[in-house]
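Please find the structures below.
Look for chain A in each of the two complexes below; its partner is chain B in the first and chain C in the second.
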Partner chain A sequence: MKGVRHYPGFLALAVGCLVILYAPLAVVAAYSFNDSASITQWGGFSWRWYVDVFTGPEAERFGAAAWNSLTIAVLAATASTAIAVAAAVAMVRGGQFRGRTATYALINLPLMVPEIVTAVAALIFFTMVGITTGYLTILIAHITFCIPFAFLPIAARLSGIEEVYEQAARDLYATRAQAFWLILLPLMMPGVISGYLLAFIISLDDFIITNFVKGAGMETLPTAIFGSVKQGIKPNIMAISTMMLAVSVLFVTLSYIANRIGQKTRT
Partner chain B sequence: MSTAIDVQNVIKKYGQSTALQGVSLAIADNEFFTLLGPSGCGKTTLLRCIAGFEDVTAGEIHLFGQNIASLEPNLRPVNTVFQQYALFPHMTVLENVAFGLRMKRVPPEARRARAGKMLEMVHLSSFADRLPAQLSGGQQQRVALARALAPEPKVLLLDEPLSALDLKLRQAMRVELKQLQEDTGITFIFVTHDQEEALTMSDRIAVMSQGRVQQIGAAREIYEAPVNRFVADFIGETNLLEVQVERVLDGIAQVILPGGHRLTCPAAMMAAGPASGAGRHHLSIRPERLRLTPSGPLVAEVERIVYLGTDLHLLARLQDKTAVTVRIQNNTREGLPAPGTWVTLTPEDGAARLLAD
Partner chain C sequence: MAGAAPQGPPQGSGQASGGSTGYRQIVGPLLLPTWAVIGVFLLLPVLLMGVYSFLTKEFRGGVIWDFTLAAYDQFFVTRGLFGDEPPQIEWTYIAIFWRSIWQAGVCTLICLIVGFPTAWFIATRPPAQRSVWLFLITVPYWVNLLIRTVSLKFLLRDNGPLNEGLMAIGLISDPLPLVNTNLAVQLGLFYSYLPFMVLPIYAAVERYNFALSEAAADLYATRWTILREIVLPVVKPGIVAGCILVFVPSLGAFLAPDLLGGAKTFMIGSLIDEQFKGSQGNWPFGAAVSMILMALVLLVLLVQARAAGKAGAR
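Then we have the complex of A and B:
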């Protein structure tokens, strides 16, 4: 069989897709090193906008927003990963229970529901139950929509682990809890790490839901960037965006590597 | 000799299908006991019921007098060697072997010593710090054995442990397993579909089929005195001839062979009674116990002769088209009938046996 490379027009199509997807990112990354204050004219290489991000007039605002983003991402990823591990064990090891398919759909629903709908619903919910919007509401919202992202790699990993390992542990006098903590969880770890990193990056990048439930005066990095862009795009935004891009790429790569290591250790 | 495992009327159902249809058997302490049968016969299910990985639907399993049928697997003093070994891939060989002792809260020093001794026993002392993935299949097999024996179980369960090994290793491991069982004095319950494995190692064998025990006995007993068609056919090779039974009295049957000759032979006794008197039933004659003779009760046309090295197989057909195989030692260089010729065959004394269906 001929490889996909031999189909007519493959090269043109591939290049076209790559350009459309990545040219804007490349432009942003390149212009973040632009010495000029213009966002369209190249004025030579410089780190000045990176320096500006940390020391300029907006440094304090961005610093606070970055801190919020980071702590929310860590907490949301931790909580959603813990929930996802429990859900994955129940779904993969729980046997055939009533409503299994429905549960599966429910866990993954946030992937399908338009974000704007989740955002509006979350805002209405928080208002109805009377929680003041702020750090806490962002965190709760992030935990919920991060669960499916953490769940998928964890469940995939778990379904690749044969039950015989837990049985061997039980056979060798381990209680259910010991079999989970000493055998199953270590074997699941590559999936857990992968799920955690994915949840982390999803939380870090989220804008729409965060913007709805953040309340007044509360900013995360994406909402802070959006707020700043409304007054016109300055090159320091490009510098921040480039740094976020770098963090995202790093985490997605780590998640991928964690999965690959997992496949190698699979027996 | 005391009874190690006493299985009483165990029934196991999965929804509509029944895997075990009332199995009862008693296994003596110190015995090498084999559950033998084709896949799907329920042998592994029975083993898993004893280990505690499956609940029994009905019946009791006694371990030295204590009913363990409803205990969690970690509360049963039996250990299992799994078909896929199931060594914990993230632990070293030594940690694997010491795992059971660790769960039993044996102090670290003592369990290291004991695990080290177990590794010595299976000749793997120098591999203690390796990970299972760095070991060959045969070595993993030994680690699995050491791990299961380390906590000194009262009974060791082995679920087709040799099936993943190649032939030479499998044959060596048979001897080693038997030796290990004799040295440790632990009761072994060994599950296999390989009759050669069963015949060479076991003190006693339970032949299973369709969720029932068909026959329990020593290797020689089930080979030479099978109780029914299934056992005769499953263990070794045999010729099954449909015969007309005239009468059965005190375990001796008088039958009419295909071709009209009469024959008197032992009849298998079933729990229900003798092979139900008159009617059409099957006679079993092992190929090595049929002789080419100048005259005899069976007449057959030779179809082909198959060369097997130490033996020859003479494939022939009786007048009623029943295929028969005669095993001839490869030491006669002359007198072999050519295909197409008619020969007469005589079963050795006591070689023919009337079977229950």
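Then we have the complex of A and C:
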């Protein structure tokens, strides 16, 4: 009986959801190709603002910011994924040990503390300890809040892998390290990739915490964009936004594919 | 992005036989990096922030190590413009908190009203369509929040596409003042956190046994009665999770109120941000406001955990 699954108006709301979620992005993407210097009037299709992003007066500033964002995201995602893999193995394969619940709360702490509070706490900490705010402080903060995002998909994947594969390897005299590198890690890989991509995007996305701990003169792409937008939304900002949009869509698609492969290999 | 609700520890497949793969002995070293990083760079800083909120403010944004309740006093108590009147309750900051709670609450409600039918609709599609819908709902979440908020502002501007479009078709003669209103902030929050509502509800509805609905329908219950009496109680955990995931980050949101709002829509996030900018800042006060915000969030999470515990015990 199909009737109990269908409610009038639910389809309309679901479609409405998608419209609301995508309309602003679509409009900005469309206007980024606008030939007119005024953001209100449509002056025909053009790549000029994309050219402007790379060669215009602000090219250097945005180039440096993009480089910082990218390198921080790569380093933060790598470090937090490595930490998360170790943590996931301990949490899922370590049995019941003392402090397990406390550790679980700790891993989730970055998700529970409001972002602005994390930002304030980090700024106070760095000031107190005497670390000059800049690239390093941004990186440390990003590694910290990326850990749970990397941890969740990795732990979820690991929970679904039975111990028999590693046990078989150990029975055949594989060392613990060999069983990990040759058996467990390859089986975990879809989760690790998902976790890495998620951490990468989360790092690239962050504005509030970065804005607090970046120090003077240091910019990442979001803080640079925020600074520009305060003076009004210019067409070059729309071009940058559209490019970042494309990068995000690319990443989410990759993560989706990694998950699909993961589901297929799950036994 | 922050504000995911705590879930129970992952159930390892090797719970009973834990350690048979040899990891039990090295749990300590495996967890050391996690404790070192989150412990030193988040837990310790939050504790230090608590200490900071009791220090004396220094001009040019710093502190003097003299313990005082001044920051909390400033938040809750006023003694008139010159500080010589009898102490009264200071409503300025409480009003900002109240407005933030109200905004976050309304945002949660709207997300629920829109998100539940959407999640239901997706969960009742054939599996192949389901993953496409889920994909479409999650993509915006992966797009930079700042860019999404800026895009919304661009769309809503006085001479933005929405107003221009409405004027072009003659529905309005003057642009609607959309930006810098509560409505814009509301829309921004809704737009930021909607996927957080849809996903947990989807997960709950997907596990829902439709035979229950069918049994009720056979007994002549109407569709809406079934929804109210049978579906809602069953999928309630998903709804509660979604509400927490939307409410908590909305409460401390900074970008939507800052970019889409004006002076009249000032929220907690902006209040905290202001205390750490330039020479007008007041670090201990900012730390105190952060502590109060965190206490509020912990309270919400605690109430939810208690409720979930009770539901689980039944």
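Convention: the second predicted complex is superposed on the first by the 263 of 267 C-alpha atoms of A that agree within 3 Å, B and C clash if a C-alpha of one lies under 4 Å from a C-alpha of the other, contacts with A are read in each partner's own complex, and residues count from 1 in each chain.
The criterion applied here is as follows: a contact is a pair of C-beta atoms (placed from the backbone, for glycine too) under 8 Å apart; a residue touches a chain by one contact, two chains touch by 3 or more.
Small disclaimer: the values here were computed from a predicted structure and weren't measured.
J.: On the A-aligned overlay, A:Leu187 touches which partner chain: chain B = first, chain C = second, or both, or neither?
T.: first
J.: Just checking: does A:Arg170 make contact with chain B only, chain C only, both, or neither of them? Give me first, second, both or neither.
T.: Once the two structures are laid over each other on A, A:Arg170 reaches both partners.
J.: Please indicate which partner A:Glu162 is in contact with in the superposed arrangement: first for chain B, second for chain C, both, or neither.
T.: In the superposition, A:Glu162 contacts both chain B and chain C.
J.: After lining up the shared chain so the two structures overlap, which partner does A:Ile116 touch, if you call chain B first and chain C second: first, second, both or neither?
T.: Only chain C; A:Ile116 stays clear of chain B.
J.: Looking at chain A, does chain B or chain C touch a larger number of its residues?
T.: The larger set of chain A residues in touch belongs to C.
J.: Of the partners chain B and chain C, which touch A:Ala216 in the superposed model: first, second, both, neither?
T.: Neither partner.
J.: Taking the contacts chain A makes with chain B in one complex and with chain C in the other, which residues are shared?
T.: On chain A, the overlap between the chain B and chain C contacts is residues 162, 167, 170.
J.: If you look only at chain C, which of its residues touch chain A in the complex?
T.: Counting only chain C, the residues touching chain A are 1-7, 9-15, 17-24, 26-27, 30-31, 33-35, 37-39, 41-46, 48-49, 52, 62, 114-115, 117-118, 120-122, 124, 133, 135-140, 142-148, 150-155, 157, 159-161, 164, 190-191, 194-195, 198, 210, 213-214, 216-217, 223, 226-227, 248-249, 251-252, 254-255, 259, 268-269, 272-273, 276, 283, 286-287, 290, 293-294, 297-298, 301.
J.: Taking the touch rule as given, give the residues of chain B at its contact with chain A in the complex, in rising order.
T.: Going through chain B, the ones touching chain A are 51-53, 72-74, 78-80, 82, 84, 86-90, 99-100, 103-104, 132-133, 147-148, 151.
J.: What residues of chain A sit close enough to touch chain B in their complex?
T.: 162, 164-165, 167-175, 178, 183, 186-187, 265-267
J.: Residues of chain A touching chain C in their complex?
T.: Of all residues in chain A, those touching chain C are 1, 3-7, 9-11, 13-14, 16-18, 20-25, 27-28, 31, 39-40, 82-84, 86-87, 89-97, 100-101, 103-118, 120-125, 127-128, 140-141, 143-145, 147-148, 155-156, 158-163, 166-167, 170, 176, 179, 184, 201-202, 204-208, 212, 222, 225-226, 229, 233, 237-238, 241, 244-245, 248-249, 251-252, 256.
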